[in-house]
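See the structures that follow.
Common to both upcoming complexes is chain A, partnered first by chain B, then by chain C.
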Partner chain A sequence: MIRLERVSFRYPSGLLALHDIDLTIQGGDFLAIMGENGAGKTTLAKQLNGLLKPSEGRVTVDGEDTRKVSVAHLARKVGLVFQNPDHLLFSETVKDEVAFGLKNFGFTPEVVEKQVGRTLEALGLAEYADTSPFLLSGGERKRVALASILATEPDYLILDEPTIGQDYQQKERLRNFILQLYSQGKAVVMITHDVEFVAEANPKVILLSKGGIVGQGSAESVLSRDEMVNRASLVKPQMSRLFGSLARFGLPRDVVDVHRARLLLEEKLGGVKETVTTNS
Partner chain B sequence: MAESRREIVVAKNLGFKYSGAKKTAIQGIDLSIGVGEFILLTGPSGCGKTSLCRCLNGLIPNFYQGEWTGQLHVDGLDITTQPTSELSRKIGYVFQNPENQLFALTVEKDVAFGPENLGYSRDEIRKRVNEAMKITGTLALKELAPYELSGGQQQRVALAGVLAMKPSIIVLDEPTSFLDPHTAEDVMGAADDLRRELGLTIVVVEHRLDLVARYAERIIVMDGGRIVADGNLEEVLDEQFDTLEGLGVGVPRVSLLWSMLRRDGLLKGKVPTHVEDAASALSGMMTH
Partner chain C sequence: MLVVAVLVPALLFASVWVMIILLLSQLPLLFIGRVARRWALSLRAGVFLSGLIFVVNFFTGSLFSAIALTLRFLVLLTTFSLFFMTTSPDDLGLALDRIGAVRWLSRKWLGYPNALSFTFTTAVRLVPTLAVDAQTVVDAQRSRGLELDKGNLFRRIRNYIPILIPLLLIAIRRSLELAEALESRGFPGKEGRTSLFQLKLKGPDYAVIAVSVVMIVVSVWVFLHYRVPVF
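Up next, the complex of A and B:
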């Protein structure tokens, strides 16, 4: 369990980036931390693996205070995938890149090879195993960075803006992968302002604004409420905007994903059609 | 409209293969872009859209080595024979991550960097910097350091820096990736202002169609290094919806919803691009 208790963080410049954050992350959790640019999302992510230590309050990972253990020690449990993949990539081939962390953790060559193969396969990167990461597109490099962290199977996986530069199919793949991880009991925390991705992936949403938590709940309950969404400078998902204006026909307002929208409208329009047929 | 159309980009059978790569990055590209168009360039990850943009500003073949085929002219210049210094005056390029583009100590110095390097007089530089900052709404930030800015402000400053070179075409490669939705909208609006007020041609590379649909009239879709769809955005979305979805293009969610219900036989008519259009069409159906 990762626990943040009354965590505040001030950068050396004096900027108060986080204040009074209380948050618990357990195995099987799937959280999305959302908020405007500069809300403190990335600063919060860095608290989770000890890259930054709280100025006040405390962060514990499985009971260990992040101020008392090394980042290297925490890295075995908490994997953080940065927003910009180029901050992470340096090896000559994709395979080596993904193997790097595993080798550092002292796994045997057989385990490393198997694990690398499995991860590349899962993320659709197998064909690039022997390619230089720097010959890949931005979206592909991003997946290599993700693969290099995933391969070490951290208990807590923190993804900073994982959907940037990913096309829709890649997002679907990512969504399935995350689902698989948290159903295996891992915790997945993603930082994102991709409201459409959140609407479909349906994590628990933590809304951050100006360094504090201003709201939390299911994707449906948070993303369909104007006051919440505006506060964090987000835009409501398209389905929520659509159903907001269809509420007068007796349809629910809290619809955020397209599949639920489809079912509701099938029922509604199917009903309309029948009525029309019966009357004529 | 067609008779007065002046071309700014003309590509004939353009192709490129990076040295050391197994596959060609782009091939058989025939393309004509008119002055003042706002174009959305999209396609699945690795489809060749960034490579095509790199051709437009001469990074290919000047900095990336490989096999070039066909012809490309931008604003009358042959990309293969012009030095990049010459091309950089005509073609502005805004990268995905503004952090990679900003480096001076103040915003003003950053915006001045391009025109300084082109060797203009001090007065001319000051004039260009002022104009560029005014139209991008960054004048108030001029004394700040780029790292003090928010993502959206940084992206606007990057746009100002490009604009101070007085280019005739600006390519924005996923400019909104790092931005929250409001800020993304803001940057897209700034690009559209440049098109309307200065007649610039804008090419935006983006996965999320809903962000750009409001501004772009034309969409170009690439797959496997080729152009697979090119035309009016609303028409392409309506007529080739299944192709786009199959390619993994991030079609607006309302368009997806509409096409599913249309497939079910529950409604008819053109696939809407905007929430408002879908809402009024559905309201109409339910009222009757």
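Up next, the complex of A and C:
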């Protein structure tokens, strides 16, 4: 369990980036941290593996205070995937890149090879194992970065803007992958601006604004409310906008995902359902 | 110009008194330029090095030459601080652009008179961006379990490979992107480009140049005709 207790953080420049954050992350959790640019999302992510230590309050990972243990020690449990893959790729082949973390943690060559193979397979990168990561496209490099963290099987996976630069099918794969991870009991925290992705994946949403948590709850309850999305400089997902205008027909406003929208509409349309299906 | 005027006597004479005069004469300028506080900070950063200079020269020379050389270091530090803290790189680039020799060299080498000064300002500007990138790369690799200060000396140097390669590639990629961005905005443009701010030499500038020239000439003359004692 990662626990943040009244965490505040001030950069040396004097900027107060986080204030009074209380948050608990447990195995099986799936959280999305959303908020405007400069809200403190990345700063918060860096608190979780000890890259930044709180100025006030404390962060504990499975009971260990992040101030007292090294980042390398925490990195075994908390995997943080940075937004820009170019900040971490350096190896000659994709295989070596993914093996880097495992070697740092002192796994035996056999384990390293097995884990690398499994991870590349899972992320659809197996065919690039011997390619240089620098020859891959932006989206592929991003997946290599993700693979390089996933290979170490962290209990807590923190993803900074994982959907940027991914095409829709890749996003769909990522969504399934995340689902798999947290149903296996791992915790997944993603930082994102991607409202549509959040609407479909339905994590618990933590809304961050100007360094403080201004709202939290299910994707439905947060993303369908104007006062919430405006505060975090977001726009409501398409389904929510649609159901906002359909409210006068007696439909609920808090619909954000296609699945629930479909069920509700089918129920409402009832009799006409058959003609719709025959038309299509 | 004033920088040169201070550097010439500072480097020609290893005398305690000359250094003290040079140092004191710059103090008012620090306050006029409102950089006294930042100068004090850079002095603090220079404490270790000046201590080293003092110790080394104390054992290889005399007490007074050690004092003189330490003071010389402080004079150089002050002069350069004063210059770079009061002159923005943009202004410096503009000024370089006005120097005929720079334009001539630039046209000769790079085919365009503003290219050299532009290269200079761009280089200076990329430093802070690169520093931010470096921090991010370090953070990213530490998140993958890299421990920079682990192992023996050789191992520690090797630890920096995962930092340096991404940084180098980011820098190269950024320069290529910058080049493309510049070209898509019509760089280098036509001859005779004008700039929004025109730097012109005015009365005070000529006064500074005059003072500087006098200082340089006097220092060289004294250096050639007299031996200035260390103390």
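Just so we're on the same page, the second predicted complex is superposed on the first by the 269 of 280 C-alpha atoms of A that agree within 3 Å, B and C clash if a C-alpha of one lies under 4 Å from a C-alpha of the other, contacts with A are read in each partner's own complex, and residues count from 1 in each chain.
Note that in this section a residue touches a chain if its C-beta (ideal position, glycine included) is under 8 Å from a C-beta of that chain, and two chains touch if they have at least 3 such contacts.
Since we're looking at a predicted model, the values are computed, not measured.
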With the two structures overlaid on chain A, would chain B and chain C clash, or do they fit side by side?
clash
Chain B versus chain C as contact partner of A:100, first or second or both or neither
second
Identify which of chain B and chain C touches the larger number of residues of chain A.
B
Of the two partner chains, chain B (first) and chain C (second), which one does A:108 touch, if any: first, second, both, or neither?
neither
Which partner does A:241 contact after superposing on A: first (chain B), second (chain C), both, neither?
first
Quick check on the superposed pair: does A:51 touch chain B, chain C, both, or neither? Answer first, second, both or neither.
second
Clash-wise, after the superposition, say which stretch of chain B runs into chain C: 44-52, 116-124 or 278-286.
116-124
The shared contact residues of chain A with chain B and chain C are 84
In their complex, what parts of chain B are in touch with chain A?
18, 20-21, 43-46, 50, 96-97, 99, 150-152, 174, 177-183, 185, 207-208, 210, 245, 247-254, 256-257, 260-261, 264, 266-267, 275, 278-279, 282-283, 285-286, 288
The chain A residues in contact with chain B across the complex are 35-38, 83-84, 135-140, 161, 164-172, 193, 195-196, 199, 233-235, 237-239, 241-242, 245-246, 249, 258, 261-262, 265-266, 268-270, 272-273, 276
Under the touch definition given earlier, write down the residues of chain A that touch chain C in their complex.
46, 49, 51, 70-72, 75-76, 79-80, 82, 84, 86-90, 100-101, 104-105, 134, 148-149, 152
Given the complex, residues on chain C that touch chain A span 133, 136-137, 139-147, 161-162, 165-166, 169-170, 173
